[in-house]
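What follows is chain A paired twice: with chain B in the first complex and chain C in the second.
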Partner chain A sequence: MKLITAVVKPHRLDEIKEALQAFGVHGLTVTEASGYGRQRGHTEVYRGAEYTVDLVPKVRVEVLVEDDDADDLIEVVVKAARTGKIGDGKVWSVPVETAVRVRTGERGPDAL
Partner chain B sequence: MNGANTAFVLISAALVMLMTPGLAFFYGGMVRVKSALNMLMMSFIALGIVSLLWVLFGYSLTFGDDIGGGLLGNLDHIGFQGIHPDTLWGAKPDAIPVFAFAFFQLMFAVITPALISGAVADRVKFGAWTLFITVWVSVVYFPVAHWVWQADGWLFKKEVIDFAGGTAVHINAGAAGLACALVLGKRIGFKKDPMRPHNLPLVMLGSGLLWFGWFGFNAGSALAANGTAANMAFNTQIATGVAMLGWLAYERVRHGAFTTLGAASGAVAGLVAITPSGAAVNAWGAIIIGLVAGVVCSWAVSLKYKLGFDDSLDVVGVHLVGGILGTLLVGLLATDGVGGLNQLGKQALGAFTVLAYSFAVSWILAKAIDVTIGFRASEDEEVGGLDQAYHAETAYDFSAVGSSHVARRTVATIQDQVGAGAPQNKKVDA
Partner chain C sequence: MTESVEAKTEAASGTASGTAADSVPGGYAAARLRLLQEESRSGPPRRTALAELTDQWLAALLTGGAREAGIAERDGHAQGVALVAVGGYGRGELSPRSDLDVLLLHDGSADAPAIAALADHVWYPVWDLGLALDHSVRTPDQARKTAGEDLKAQLGLLDARHIAGDAALTAGLRTAVLADWRAQAPRRLPELRELGQERARRHGELQYLLEPDLKEARGGLRDATALRAVAASWLADAPREGLTEARRRLLDARDALHLTTGRATDRLALQEQDQVAADLGLLDADTLLRQVYESARTISYASDVTWREVERVLRARSARPRLRGLLGGRGRGGSQAGGAGAAERSPLAEGVVEQDGEVVLARAARPERDPVLPLRAAAAAAQAGLPLSLHAVRRLAAAARPLPVPWPPEAREQLVTLLGAGESTVGVWEALEAEGLITRLLPDWERVRCRPQRNPVHRWTVDRHLVETAVRASALSRRVGRPDLLLIAALLHDIGKGWPGDHSVAGETIARDVATRIGFDRADVAVLATLVRHHLLLIETATRRDLDDPATVASAAEAVGSTTTLELLHALTEADALATGPAAWSAWRGSLVADLVKRVAGVLAGEPAADPSAPQQTTAEQERLAIEAWRTGGPVLALHARSEALPSGEPAEARAGAPASGALASGAPASGAPDRRTGAQPGTRSHAEPGAEPGTESIGVELLIAVPDQPGVLPAAAGVLALHRLTVRAADLRAVGLPEELTGPAAPDPARPAPGAGAGPGVLLLSWRVAAEYGSLPQAARLRKDLLRALDGSLDIVARLAEREAAYRGYPRRRGVHAPPPRVTVAPGSSRLATVIEVRAQDAPGLLHRIGRALEDAGVTVRSAHVSTLGANAVDAFYVTDASGAPLRPVRAAEVAREVERALR
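Up next, the complex of A and B:
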């Protein structure tokens, strides 16, 4: 199994969810996150005092998949998340040793 | 007794009362989230403390007969003795009950110390603050209001124009704010850490309430439902609107954006500047006063970074500078042949004596509190946030998960545990 993690622009979340559903993914986890990449942050002005806000809002989408599906799913997420502008985010995958469905105790791919 | 005037003054008093919670929101939205409630409370508590002092001796010291020299009222009306529902203030056909006048003037005494709190945001012991405003209104506000508004007050006799409080309220509070900011020092991380306003909609709400209540503050100061009140209300609107435009224009040129905080701040700067002046100028005068106040105050709020004092929410830049502008400009712009260099001199005398007196006494008072009981919060309390340190509360509960730990426990069980030697836990907002 693999864990696909995508840290992307918050307003792309709906497209990503729809694309994942169309792909056949049954579940995912979404977390509000903040961070920066090469685009860094932006500047805000309050009564003339300028603040550099370098952590910008992002969402982190996490999906567990079987090994064979991982590359296709990454493509699906990347396509759905892309706006072509700076700050679109990152998607990566890592191997997962085990997964358990809490209700039934099923393990491995059966738990997905 | 004049029924129309009485009704107008009672309604105006209620409008002015709303300005203190409005100010609390205006300031509260500007601080960081960890001390938001503390900022609200620093204003709100004045509604309690000053109301009590007003009955005990405040009204008497301010509007009692002069003790001599125009410096202070006597003690004849301590506890409001000798004042009955049919005791009148003012000359007959316009007279209103003293209770209506005292109710109205009380609201001015409430908001003035609350204004100071913006200069010392995020770093004051709450108990010490209550002591400060108790003594401050007693030795600074009551005397200064007597100088300016009581018929025997020495500045009143010098014919200083201060219709609704440019000197007694705004210069007074601004100078005190500067003194307190200097005694207390900067917030930890000033000019280094981001100190963005945590809730700009709250700031906007506060400035809206201030603007609304200010019609009572300014027009109500006529103490009569007449043309003076109408002119004042009208000019209040004009100057405030133009000041907002002035602030935004300066900001757009200087910093590249029309900010929400700038709109709210510009409006308040205009309100401050038109307060002493609005009844003595025409609409063109109001436009000039508003424009000058908006642009100059917008520039003045940057001074603290250059000069290195932490007037956290710009009480000096908005209230002191705006109050001085309004008080001086009316000297030039007053209609009916009053305006001119002679009147400007009188205005300058009023503005700078109040500034000097308030600054000196406030500095001594703040220093005295600091060396005795301590004025400034401890470093831990300041860094962790004053809301939990002094109020045992949190402004916003964003997370349903985060609070579930205490959600099922009652205050009683927490107290039981504390009694049984469990760790002291101040969080009681179960």
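Up next, the complex of A and C:
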């Protein structure tokens, strides 16, 4: 199993959800996140006061999938999240040892 | 019914056969299960039956245990020991998963090992069944001592009930505990109240929560129990109407909740509500919640009344010795008190006074002739952070006549003041709501009243959410130019809930109607309608749309329309989210919304902003006064009474100082002339006695002052008005140059300071809209005299105002109410001729005087000023220049703003 994590622009969330559903993913976790990548912070003027934005709002989407699906799924997320501009985000995957469905106690791929 | 009789018989036969029941707990368990599964019985009969069944089982356990432990018996009852049910079990009300609160009482005659063995014999079977047991083993003295130290133990013991064993022992304890409670009530009831308030802080108010705790929340079962404890103290008693019924409904809901969840939970969570409603035979979860809310309202209300009564009784007791001392010792104040028992009263507003920490109606108040009185009293109470007395609310509800439509300006201002008071708004709003005054003022409120919302993000019912949004909005009032519109929009933004379709769309229509009825002009109504229609626009766009896409920003800008509206919508969005629940707002969301607002503001910046510095028309009267001021070299005043019967939609004209036609009983304006004419001047005639004519109560006056230009005019004039207890609702100050041909012939007084360089001689024209804090308006002649003295320095306004404030310090005004701090900013680039300093602060007596003085101290000259008071918020703009008449440099302007802000803190 793999855990796919995507940190993307908030407004792409709806598209990503739809794309994942179409792909057949049943569950996902969404967290409100902030951070920056290569774009770093930038300076803004708001209500007459200057302030530095060093953290940009993002959403973090996490999905557990079987190994075989991981690459396709990353492709799906990337396609749905892309706007072509700076700050579109990142998607990565890590191996997962095990997963348990709390209600039934099922383990491994059955728990997905 | 037959089944349960069987169950009881079985349990009873178990007792009769002695050892059968205690050795075989399965008998009780089976009977208990049968009872709980029974369809035919629920509610109070089931709770009683469950308690009885449990009594019989525990009685058998005690008897068996006593025999084994070798404790003496008489007539089949163990001697010197007793099993006592306390708390809810003591009241004979057992919910399916309630704790068993049991006390094993012994008189100390048996030895310790025997008592320990007996306790084991009783407790273990209960534990083995998996029932929650709250147990203790005590002698009566120990029990009383524990009760003396622990209020919760004391409350439990008030409901002590004998189950088995030595009945005399239990009876003795009961008598002693009740006697202790009565004796210590003056000390312990405040403790009990504190406990309840602490609980309310932690668990909130049942009647407004979407997932309420039926036991702990305010208005829940614990509060009902506390009322029983108050009644047991014989100090006060709760109003009984509906109380038993309310308790029963809450207990029934809790029973169903216990059975549904299979756990001892008291929190009616969203996912259980449908099942609980079905179990209770109710139509749906909304019906269940409404029923629960109504019950909680009854209990909360009974609590409020009871606790206030307790406080009154206790205060009366503690005040007696002090009063005696006063009468015997110092005679001072004896005559002022005006008779025995007269409590101290201090005025808060016209017809409204504070008495004994409550807001009551003044003796002279006439609710039947003063339709604004309910709102005025409520606003005064909320601003002072005091409760509105029950008697006052009831009297208002019974006597007040409906407000004319559209509302008079004062009513609108009072509503805004009420909404802008912060946390204390909630209590006052509730008091009005309880007596139906809110629905009378705003008939559309009925639909959102007690309305649950099935939404996991929301915490409150719709009505409470709306009030809560206004509370949150009041904290943001310094951020917007029109706090009044923000507060009204906060109150109305979800008013469309409960109507079919999108609640924003339905809400827009209702908001338009309400705003028109409460007397906003057409432009303001349009802004309010936009705010309600688009109250979700910013949060939805910011979190779901691409902010980098110009089309996103453009469409938001189109919907919003102006920067003023955008500023309001931004504050409303934040207030709404904060009032929704902890999940609805975060720094994350805040930064997204702020980003969107900034981008939209960029698009809207192209729109021309209204320039308040545009020259205004000088009326003939103003010109006449200006010339007279110039001629005489001293201030000239004119007072106009202004009635409520303004043509709607024309407040701007009235504010600018034009006499309101038809309102002038005396016709000619009064002009303050030189001193020698003071006695005969018409100024004394022109002031209207408030309430002299029913129907046209004057709500304030237009005051025109013309003074030859000189330093210190603004603080002097504002200070004199404050000294005369006049509240400034709006003010306008500007320097006018007089045409040469008018001023030419008259020789100016050489002693007078030279007028401004360049243009003709300068006169400052101040037009004020003022209202008396209470009582009648002062005479123009006296105002003028004081103004003269203030200008020549013989009247020390600062000292006099400080004296006044010191005199008030005795009264805890604004108790626990914290207004947001003042905010002074430099408006960027809004005028080429002067720097614009914006001041937003909580309105207070002498505020304008303090601002004026701070500006003088900063060494700037006020060229013109626009002061408005919206509810309790002052929103002022000052156009200032340096001594040479040029705008300030940006650094200096920021310094001045900081200095003024410091002076206002």
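The working rule: the second predicted complex is superposed on the first by the 108 of 112 C-alpha atoms of A that agree within 3 Å, B and C clash if a C-alpha of one lies under 4 Å from a C-alpha of the other, contacts with A are read in each partner's own complex, and residues count from 1 in each chain.
In this section, contacts are C-beta pairs under 8 Å (C-beta built on N, C-alpha and C of every residue); 3 or more make two chains touch, one makes a residue touch a chain.
For clarity, every value in this text was computed on a predicted model and none was experimentally measured.
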Which of chain B and chain C A:T5 touches, first, second, both or neither: neither
More chain A residues in contact - chain B or chain C: C
Partner chain in contact with A:S34 - chain B first, chain C second, else both or neither: second
Footprint overlap on chain A, comparing chain B with chain C: 44, 46, 48, 53
In the complex, chain A residues that touch chain B: 44-51, 53
Complex contact set, residues of chain A against chain C: 9-11, 13-14, 32-34, 44, 46, 48, 53, 55, 57, 83, 85
Chain A contact footprint on chain B (complex, rising order): 194, 196-197, 251, 254-257, 259, 261-262, 265, 298, 301-302, 305, 314
Residue numbers on chain C that touch chain A, as the complex places them: 543-548, 586-589, 591-592, 594-595, 598, 825, 828
